[in-house]
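Both complexes below contain chain A, partnered by chain B and then by chain C.
What follows is the complex of A and B.
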């Protein structure tokens, strides 16, 4: 059989290529492209899918090791339970409280970073004053001091200032931003001199120019930065872990890991429901503002 | 870098700079300075007496075989995370950049993991790799391959590498896609007309033209693997088993937080500072060169 089949198969592609040279490899290439991309999408979707499905099952079936690939019947009680009661591993701090804390932290970090970077970049670009370059470099150099390398001394400063276990302690130390300042500085440099001259002729002072010209022109940059910084703030882990000592200002990302604890009696169904809740706000922000965010990200970091 | 037309005033710019500079000094320079100062000090066991010991903390650190092991872990971990996430992202970006049906949909479905926290990515992966409740972990044990990343150091390292790289792919994907879209189509068409096949076009045109992006991502990914993966390790392995997944940042945390060893943890913070200054310097030297080029 093989002796008769083989030559025919071998001859087939050659014959086809002679007849229609272009379309076949192209179609084949497209199939491979779709195949690999679908695999890629699945690689990212599968862990999420399992957690979403798992969050609709009861603790016993997950504990028994039934990996949930289809929806179960316990969605409402799991989400309601997590939202209102948390888990015993996190001293029953409701997930609602953790979510609120994360929303406050992420929003305040994003807005705060944008605000102080905007005004400091404005000062550096639109004025000449002694120490201008020194101030610029001082801000710039913070790029090299991420919170992770100065955790304990920073922790000590925060505790000396009485900011432990408070929103202020969570937010203020993370609010200085070299990247946002650099981005706004770069953008302010592109505002034409004519704008400034026209404003001066019309008798507008620096603050008037800031509110009426510089700020409105920066709107797209601010939107893009908001997405990036909101995600940055929401995803903080090490700093909140150190600064929060009670359940009052516990953030959701830290809360989930505490819920798992040492894996003795972990309420996996509640952990899964909480994970889904923790994912939603940052993923929603990124997807809803995808266009601005992608442009902003590639502009900011280059 | 200077504008020609500016506003007059001295008090106002200082006022505008004040919030940023205040936070920078109080929460960045002062603590960083303290870290450097403490790295030369040693406290007695009761924390009562402190004395200046010069570089002894550093000498002890590098004489400690466990610290050398941690450096080794960090190198293996960072190199693997960087290579894995960059290679995966490059493959997906090149394919998603092709003129195919549903390209925008693929892009959206590959971008969303950007929003996931490293610690949350680790939690998602627990349900994949956990030996008794995870999809893959169960399957491996079912096939007779003993799998438990809580007991086996090599498996633990593999798990934290995969979870960390998985989280970073979408970031790299966004940058590669932007890089690909800035390659002039005419160049690629000319090569196609000359008979260069897609694979050859990739290695001779696309890959070299993407090298600035790749280099930038190399630095960013190394920084990510050094510092931002604390949450992944804390959620998955807590540095274990037997310190096999302890990285520099995790060790600094344990020594400062759990062992309360101020001198050693400060010395480690200084080592980390030197590492990040080196990485940032490399990045900016490179950007300078590219501007001239």
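What follows is the complex of A and C.
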């Protein structure tokens, strides 16, 4: 976007000064904008590059304080070591287990949030029942409470229910989403009344309408939300840190933090390999869903 | 196919009354057009028949069965919406088949009915398309098809032609009429367009402020409007209304514009001086060198005829529609006669038609 926009803006004053558009200032503008953009890309890409390169060297070379910019020869042993054995700081829980835990948690949170939000938004938009606005506002107000505010009461409840150190304890407290409910509500409100009326005349009840019309029309929104919520779930740190007490359900994000906890004997090569591994699922989800997105966008109904 | 009977239908939204007791009997296979300006309650009436709104009072009978308390799905009606309400994620076939699928018809029967309806409407080649791949006219046909396959007792049309361009509207109008006659399904058609109303309906219901101002055949509505609202609503350009008072013992009208002219069809009841409104359609006005002089301010040549707008000596606005080029755009004045045989007489206070007697 900005590559095409900026040069045009830069060329405007030049075009005003001389009646014939001068090629030189335009090329200058091109060089400057491209320079800025390349600098930006480097700033973003460099840490990633260092991590990827670092994950291919042995522990000693990073320990000496080198910043490796070229691939080393230890890639396979680092990744295999991380995947199967973790580090001593995480009591040798394999990264594979932490990855699995994170995938389970992020997927369950994303799917759960979408399912619950869809149903509650559907109720709030398409049904008239006493307390409808009260229900809506109750959901809406929870938006204003950050996780940290209710984290200790939540912790107490989860611990009393005996859900500590389990998938249920990781997932259930995070499974409802006011934001997603609000988004689906706004989307449902754009569904024309005539669809509802046509369905009524066709004899479709509320459940049929939900499955046959509301749900298929929400596909694009669901894909978008899944990406956002999966990454949200994947990046959870504070809650998993509190609720996991053993390595069994430890998530990868918590694991990485624990790995670099002690500066002295950090196995940097393993940490970096773990970091690269931890990047992959969110990236995969984004790429996969992006295709869905584009499909949804080009298929745009209406 | 069935009759429809509305009795004493009233509707209020909160404190606001919208319909004040509508009575209507529709014969089997009849096409009734409900016409009126926006806000007159015509769509509300249709939605009450469909069951999408609940009437505050009154009963709806379809085919002799009281359906007032029934859900829309149980009334055996089909509706065509203004924006067609086609489900965007379903193909044309799925859209048309949806109502049948819900009713649990066997697949073979659904295929047969949808196929037949598509053939009838000339959309057989479009069955696999999505609604967004169709033009306005094609969507309109699909919406019709969805109603037809249901084989309902009653068709309800809620301004289905308003989203089409002018040319397509005329074409679809004729098509709907042909189709309705061929299928013989009792139909209610809501529109604000008087041309649609005149051309489509076996009978019209002209709605005004929640009342049925007149229920009659299109020609009767045009020739004998029940009140000055109906008279002004039907016909284009609109009927001229002139202030007048009864004179000569009810046998003549003394026009505010000047002359006193005798009625052609006999005296009206009431004392001399009773205030009345004389209506005369622009197309019934004739040029007459000895007549009233119209001070022209706009002349619209339409080819086969010319519409002249101006004011009468009394200051009242007046329009005349004359054949050919009887007036030219440069003319400043036009002398016209108002043939009494073409008059419509209304009571000035109530607006009701006054007939001789």
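Quick note on the criterion: the second predicted complex is superposed on the first by the 265 of 302 C-alpha atoms of A that agree within 3 Å, B and C clash if a C-alpha of one lies under 4 Å from a C-alpha of the other, contacts with A are read in each partner's own complex, and residues count from 1 in each chain.
By definition in this document, a residue touches a chain if its C-beta (ideal position, glycine included) is under 8 Å from a C-beta of that chain, and two chains touch if they have at least 3 such contacts.
The model shown is predicted, which means the values in this text are computed figures rather than measured ones.
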item	value
Side-by-side fit of chain B and chain C on chain A, or clash	fit
Partner chain(s) touched by A:198 [first = chain B, second = chain C, both, neither]	second
Which of chain B and chain C A:208 touches, first, second, both or neither	second
Comparing the two partners chain B and chain C, which touches a greater set of residues in chain A	B
Touching partner for A:217 - first (chain B), second (chain C), both, neither	second
Chain B and chain C, minimum CA distance [Å, superposed model]	7
Shared chain A surface residues [contacts with chain B and with chain C]	197, 200, 301-302
List of chain A residues in touch with chain C within their complex	192, 194-195, 197-198, 200-204, 208, 212-213, 216-217, 219, 300-302
Interfacial residue positions of chain A with respect to chain B in the complex	29-30, 33-34, 36-37, 40-41, 43-48, 50-51, 54, 62-63, 65, 67, 115-117, 119-120, 122-130, 132, 135, 138-139, 142-146, 148-154, 156-158, 172-173, 175-176, 181, 189, 193, 196-197, 200, 205-207, 209, 231, 234-238, 241-242, 253-254, 256-257, 260, 268, 271-272, 275, 278-279, 282-283, 285-287, 290, 294, 297-298, 301-302
Residues on chain B engaged by chain A in the complex (per definition of touch)	1, 3-7, 9-10, 12-14, 16-17, 19-21, 23-35, 38, 88, 91-92, 95-96, 98, 100, 102, 106, 108-120, 122-128, 132-135, 138, 166, 169-170, 174-175, 178, 198, 216, 220, 227-228, 230-231, 234-235, 249, 252-253, 256-257, 262, 265-266, 269, 272-273, 276-277, 280, 287
Residues of chain C defined as touching chain A within the complex	50-52, 71-74, 77-79, 81-85, 87-89, 98-99, 102-103, 130, 132, 146, 150
